[in-house]
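Below, chain A partners chain B and then partners chain C, in two separate complexes.
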Partner chain A sequence: MPDTHMQSSRIDPKLLEILVCPLTKSALEYDAAANELISRKAGLAYPIRDGIPIMLPDEARRLPDTNAG
Partner chain B sequence: MMQSKSAGNSPFDRNLLRQRRQRAAGNLARHDFLLRETGARLLERIEDQQREFKRALDLGCHRGELSNLLSRHAGIRIGQIVQSDIAPAMAQYAQGLRLVADEEALPFAAETFDLVLSNLGLHGVNDLPGCLVQIRRALQPGGLFLGAMFGGETLHELRHCLAGAEIACDGGLSPRIAPMVDVRDAGALLQRAGFGNPIADVDTIRVSYDNPLALLRELRGMGESNILHARRRVFLRRETLAAAMKLYRENFSGPDGRILATFQIVNLTGWAGAEIAPPGNVTRRVLRQ
Partner chain C sequence: MSGMLEFDERQARAVEAMYQNPDVTGQRSEVLRRLELRAGEAVLDIGSGPGLLLRDLALTVGASGRAVGLDMSAPMIDIAKRRCEGLGQVAFEQGQAEMLPFPDAAFDAAVSTQVYEYVPDMALALRELYRVMKPGGRILILDTDWDSLVLHTNDRARQERILKVWDEHLADAHLPATLSPKLRAAGFQITRREIIPLLNPEYHANCFAAGILDGIRGFVAGRSGITREEADAWAQSLRDLGARGEFFFSINRYVFQAVKPALK
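So, the complex of A and B:
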């Protein structure tokens, strides 16, 4: 049960290949533990909910220790 | 939450649009007639290309209507479809590769797709030229963009009646910005965005409804109330609404007593990489009334 849940909440690797930060168009880091896509350049972490990356700056978590924005 | 960039001077409120789509997602299947109709026409345009596509993007996928149509369509070969919608509640219903993104800030690496599709997803975009540039950049050289968006004649009956009722009941007209494109501007927009061989043509779809309120319900059900008012506005008074509905019935009823509504669909076609010539048979598409 938890396993299948984990599977379904993970992002499809095929998406990781093509996604960039919507604001800076720079590469993203996938933080599997936090289930987030990190844009260092924008200083934002985009959440992944139910396996669906939410690539909206309004919904992103602002990273601490960043000068961006 | 960050300050929304739509909250400033931009005419269209993207957050409001997103909320409306969020709310509409659950019951969209009851109100997806127009989406399926324009989607089927988009499929014809893909088929016209007579080529195979490796990776396509359905931008503004709603609940995956286009992808569902494609899966039942034997004549079109697309290796992989990525589906994107601004509303998570919509994207949840789409099967396969899906994400949530705003047409105004696309999260795709350059030259990712060889086909980008947009089925009624580009109205309400504040910076349409900027959005088209982003689409072009997400396309490989020779890649194709096919879009269907609402044209300026869309719901002219309803807008006419609402305006008439406001003048009669409220003594004035509240400002309304219709998020639609004029077909004469559409080709120029594509060209400005760097698309080669841009084509813009028009389909006019007339739909009948039991009564004007059924039309309003349908628009809300589609999550498309923003066609009428793109920003939150003063509540339409009951009396004004009733007057508008009366005007509608008087002026735009068919012989069977049902009311008629016009949806004007502007079809956009453009190739990324200006050097690439389109396949020969696209010019056969003519204005279809």
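So, the complex of A and C:
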């Protein structure tokens, strides 16, 4: 059910202030369209499921090299 | 991190039921009291599980505060999220104790109960905890030392073999005994150490011992030379003792409180 999933996945903006990449401790960008938290430094995109950020590198999507670094 | 923290939905429900037992409810209110939270503070619960403590933390810091629950297990977060519904100060993240997804100096207080005994790299986990605490921030860690178990049995040899296998479910079944130097090495100043004993001198289907003993039975069956029949027979023998009024169980939870020293 991707539609309902997206609906309930809206992230609390205040939450972003206290979230960093668990690997690099650098700030994250919120990609609202993909519903992911992007760590440019680590080259990873952390998914958000049901509004819960999944801050596990093993579950993150590797960004294409052009976007990393 | 240990696979034992990855609960499926049924296991998460079992943990939730056990934590709502009066024995553990009492322990939770003790933990809350000792943390001395103030309205408006930011508090982190590492391994927030079914969210029983997190909800209390959130209500204590109030709408102007923040209560963050971190857990490895998605089914646990689902349960905790429902429990904390309507509390805008609550947030959840799925993550690991050794790799905290928070900036430096983010929290006034942090609590972790029955979690670090599962964490393989405690030195790293405590360095991470130190990093995310504000100067002057308070932490409270509660863990069981399984050396403190007293469990009456008529077959001590069998029980010792079973409990030895049970120790395998933890990264460190005896963490409290070495936690003080580990906290100091991470930079914390220890402020208080205490025991919260759990005592079940009678057997009831809903006592804490009944829940944990069933967990032990399920874990050891078919593992490291313990057969299912043997595990079942051990559990049955304890219930039989209970039926005769001869059951006795006690175990200690050790509470460590510490602070990250304030800037000079």
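Heads up, the rule we're going with is that the second predicted complex is superposed on the first by the 58 of 69 C-alpha atoms of A that agree within 3 Å, B and C clash if a C-alpha of one lies under 4 Å from a C-alpha of the other, contacts with A are read in each partner's own complex, and residues count from 1 in each chain.
Basically, a residue touches a chain if its C-beta (ideal position, glycine included) is under 8 Å from a C-beta of that chain, and two chains touch if they have at least 3 such contacts.
Everything quoted here is computed from the prediction, not taken from an experiment.
With chain A as the common reference, the superposed partners chain B and chain C clash.
Look at A:V20: by the touch rule set out above, it reaches both chain B and chain C.
Look at A:L63: by the touch rule set out above, it reaches neither chain B nor chain C.
Of the two partner chains, chain B and chain C are each touched by A:R49. One of chain B and chain C touches more residues of chain A, and that partner is B.
In the superposed model, A:D12 lies in contact with both chain B and chain C. Note: residues 12, 14-15, 18-23, 25, 49-50, 52-57 of chain A belong to the chain B contact set and to the chain C contact set alike, using the contact criterion stated above. Chain A makes touch with chain C in their complex at residues 12, 14-15, 18-23, 25, 49-57.
Within the complex formed with chain B, the chain A residues making contact are 12, 14-15, 17-23, 25, 49-50, 52-60, 62, 69.
Within the complex formed with chain A, the chain B residues making contact are 1-2, 4-5, 15, 55, 80, 82, 86, 88, 91-92, 97-102, 105-110, 112. Residue ranges on chain C touching chain A, taken from their complex, read 42, 66, 68, 72, 74, 77-78, 81, 91-96, 99-104, 106.
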